[in-house]
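Listed next: structures, encoded as structure tokens.
Next come two complexes, and both contain subunit A; in the first it sits with subunit B, in the second with subunit C.
Up next, the complex of A and B:
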């Protein structure tokens, strides 16, 4: 069975931040009060001898299959949404212990003014009803997509194949 | 959560959630993209923003600016009522007044000035957005003033002039049908991200790409040849392209012979600019220049994607772009599919493949019977080619009264920090009797106005836009205007009545005006109203190729002018009829004495993707992505100055200084500093004087002057961040 998930292709990303702002809009993020956001865009300068390259990366929760945060959470605030596969947080159950933040290898869990954890939920409340996650829907270059991960990999593979040909 | 709660959380539209999608158009940047907006509206308020999937130009996508539309519309700084100034100009002390009081007061004061000093003493200015400009120009000319002017006194017009001088009218890159693109100073990932999905696909299928830019950009690193030139040397590079193309016989001899004048003089100028010589001027390799010139000349068809401002924001800007545009004619890529196409605009500067009466609507033909416009004497080429006044000359004329006094400034959107020597510009405006400004928010510039009028955003008004594929949208208001705000056209319409201008059409409102403008294409407002998301224009057709075959080019000679007839009529330095290369007025090569103290080349105007000038600075969502003013510096220059990445530094010029954070990056050349502009607390444009201008266009030389950098201790800086 194929299952859609958020896929990212760094070769198509131009670091425009549309995904980050669409996420803020979808989730009514209070960047001033809470001072945090769910999707981060970063720019990495790679230096070779004569050449400098810039690579952009858009990162939010990866919704890992074996999610360390889920195992670490002592209060049952984290759970998996079966339909979408997303790892979601119920902030009303969160005790703010930060165990998830310690367990997560990617630095995703963040804590706002009320001390509870906040992060991307892959817009499971949209995908349930046939709408795409806000970040994938808005992406102008197709770098972020809501797609079957194996199909997304296939398109990268064929591009790689062309570079070898 | 039950399904309804989940839908509410997901903002899923439907009768159960009460969320309705209303179609609109984003006008935060302007013009060229204007993405379709799906505004999710509940109880009359926007709760979410998305792109319109059926919009053929934006395909349901938006950029970070458009994505922040909700905060743009509901900014706490929105002006809710008309305001009358009660404090000093600039103090921001106002009292709310009614629309009747505001419009009556404006009308009586402007009419009094007209009576005493003549209508030409009142200036009518448009900043952003550009959608209402045709209406404002008509309004100004109705009033009797030739002094209709816009922010295009520093944007796009000079690029158009360089093309008018060379082949009569603008010729846009046909990206869709091309096999080779030269991006000549254009960074689509910051300003036209929409185009990139298509470009990426074309690169995969073998598109050749050349990028000319002083900075390493995303598009630059996808290029086959990237020419990272010193700012302001575009002309030398373009002439060297010409040198290679002519020397190697790669030019279109038939086209040049039949459809150009002055080729021999042009050939001589290019013969002098060998790739080796240009390499020394531009700071790139002669081998790369040769490779790029051959690639562009040999690919058929090939296009040059130019941009509105970067190349013409130099004191030698028009000549530099003229040298670039000569290449389009030289290689026979002019007005052919996949080359650069001359498609006439239909609405708001954009071609739509259908005829309109927008130009007639403006009444521009009335200008010939009016007094000379501001800037006409100082910028004679501008006066010959453009219908607007050159606003960079406003401070001079206010102070000298030459050739006549100026008394009032009526603006739809004003940002004084956009002008070179900004403080001087606003100081000069303060000498006027009357300043009126309409804007969404009480900007620092609006604080200088005597009367401020609340304007509304594109979500709250109707406006008509078209796109090159033959698509048109006459948007509907998606929500009620915030506060008592009104659309710019409604403001003009109501004010026209009170001024007694006798313009029945303008007074009848936007629907009547649109109906009038669209008459030649057969579209009606009734039909457009049925398609709030926009519609295909039934009879739109792509313009023919090689239109010059019937009637020639719109130049004095009717041909492509390697030697400009018009420039030959003007005396003075910088007006050479052949696009000769001159250094920027301030550069390490042209002013070496100054460069001893100010050794770095300063470029002002690079873009960040979340900002369109200052337009989204106040929105917490976009501002959170790049909070402090900053400038890009190469690691070598930073090390020499003792500046670390992220630390504060002072940028100084003979004219001023600003304090910004250093972004130390190899993406800029050694010797260059690139500062992002329009920051209220670090105004880049005050680093130049108001007369650092291109003599042809009057455009400021924002992109190349000289500066030095020094570290600034962090103490005391945090307080500036409020």
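Up next, the complex of A and C:
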């Protein structure tokens, strides 16, 4: 079976937040209470020669191939899920030391009331059973998709990731 | 092949973060030859980072072993635990153990970490101060802190390990005094303004500070189990326990002077190779590239130990297969995140006052931040930062705290 990964195409994103809401629903995140959002939608002004255009960006953990957070975690709380390739947090092992936050160039790790780190797990509990991650499944424009790793290698997501890094 | 050593095992000295990363990388890179590990500790590897959390009661003992679900043992052919290394003979490619045995090696990785030192701290005849590095150290300190309520503890040393030990003491509701030679805590990493605010926050949380002071004498009285500690300003105070966290030195007593290029640690190249043929070093023993200064030096952090270990492992695998190693160590910059109670302190890069630098000191949302820029034509370049924050009850930080990794990367990227 070919490995799949989350892809993002900024050309198709309209900034509708459906992905962020689906993520909150999937992960039972109560943002009115203590919950922390795992997926964020930002709106960036892109200036070309004669026009200014708004680019919408939906971003969550990129599950980097060389994930710095994994190397930095001293407690074994971060692990790679072999089947999905997702970097997952075992919160029961997290000591809240913020070493992952210092290592991640994308500002992904967030810490809840209990001090442990929380972030996107690429819905590995869904993908294991053949479902798409909630954000990709809901995306009405196809900006977020769950595609073949080889296809994703040249996708906007990886290019976007490199620019950020 | 052809050097006469290839049938001998790869020998790894030490079994911590650097060693284990190297072992995994060796096997992942296809090395399937014999592998021997020598460690002076038990066969189950622990994380020194977790010891203070265990001492403070935040995690149970079994959580101090972060590799317990990774089957490292299956990657090793010959595990020598609780063994001391006497010496290494880099000419003969041999490791001599304290039990008299000799181990030949094809490649050797030195990953023996570091041990606490206490320069200038007076020895007491009968009282042995605590240190914090190994599980034994942690067990002893934990036992002392839970012996009775409000144990009076003197923590000597105000950098990372000192503050971690302090945090463990506070977790155990000890009456803690923090002692430092310098006028400020975190001398190497904190801007004086940030350090001053940090100190105030510690005092507000019940910590007694003794800065710009040293201990001149420690005496344990015969009839009660407390120490009289005499400070250089003439004060004498009673403490139940003393924790020394004044610094560390690499565990390299088995390396004969002159046999490998060493300063404070073993000097390594981009592939963790030392000056001795077939000898590599990684982790807290290795002087590797600090990109911010361009110098080789030890930056004793977990993240560096893991990355250096991995680099060494894949380089050893490549050389064993007759190939040139291809994945160099990219170097690192000093960085740090420390928590004491609800206080969070993060720093990276260089905070030193130098010509051509400007300091942007900000106080907002209960935080104090210092950003250091090097003046350049166009935009100024970020070269260091300190962020000191009190974490709110709901754990939700200010966005600046969430961005510490992005700042660190910006600084790192400016040098490479």
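Some notes on this structure:
Operating definition for what follows: the second predicted complex is superposed on the first by the 144 of 165 C-alpha atoms of A that agree within 3 Å, B and C clash if a C-alpha of one lies under 4 Å from a C-alpha of the other, contacts with A are read in each partner's own complex, and residues count from 1 in each chain.
Simple rule for what comes next: contacts are C-beta pairs under 8 Å (C-beta built on N, C-alpha and C of every residue); 3 or more make two chains touch, one makes a residue touch a chain.
What you are looking at is a predicted structure, and each value in this text was computed from that prediction instead of being measured.
Aligning the shared subunit A places subunit B and subunit C next to each other free of steric conflict.
Judged by the touch definition given at the top, the superposed model places A:97 against subunit C, while subunit B stays out of reach. In the superposition on chain A, contact of A:106 is made with subunit C only, not with subunit B. In the superposition on chain A, A:22 makes contact with subunit B only, not with subunit C. In the superposition on chain A, contact of A:74 is made with subunit C only, not with subunit B. Judged by the touch definition given at the top, the superposed model places A:47 against subunit B, while subunit C stays out of reach.
Between subunit B and subunit C, B touches the greater number of residues of subunit A. Of the two partner chains, subunit B is the only one that A:140 touches; subunit C does not reach it. Once the two complexes are laid over each other on the shared chain, residue contacts for A:62 go to neither subunit B nor subunit C. Our summary of the superposed model lists a minimum C-alpha distance of 13 Å between subunit B and subunit C. Once the two complexes are overlaid on chain A, none of the subunit A residues touched by subunit B in the first is touched by subunit C in the second.
Subunit C meets subunit A in the complex at residues 17, 21, 47, 49-50, 53, 58-59, 63, 66-69, 302-303, 306-307, 310, 335-337, 339, 344, 346, 348, 391, 393-397, 401-406, 408-409. Partner subunit B is touched in their complex by these residues of subunit A: 12, 14-18, 20-22, 24-26, 29-32, 37, 41, 45, 47, 52-54, 56, 123-126, 128-129, 131, 134, 137-142, 159, 162.
Within the complex formed with subunit A, the residues of subunit B that make contact are 1, 6-7, 9-12, 48-51, 60-64, 66-68, 70, 188-190, 193-194, 196-197, 200, 204, 216, 218, 221, 609-610, 620-622, 624-625, 665-667.
The part of subunit A that touches subunit C in the complex is made up of residues 34, 36, 68, 71-72, 74-76, 93, 95-107, 109-115, 165.
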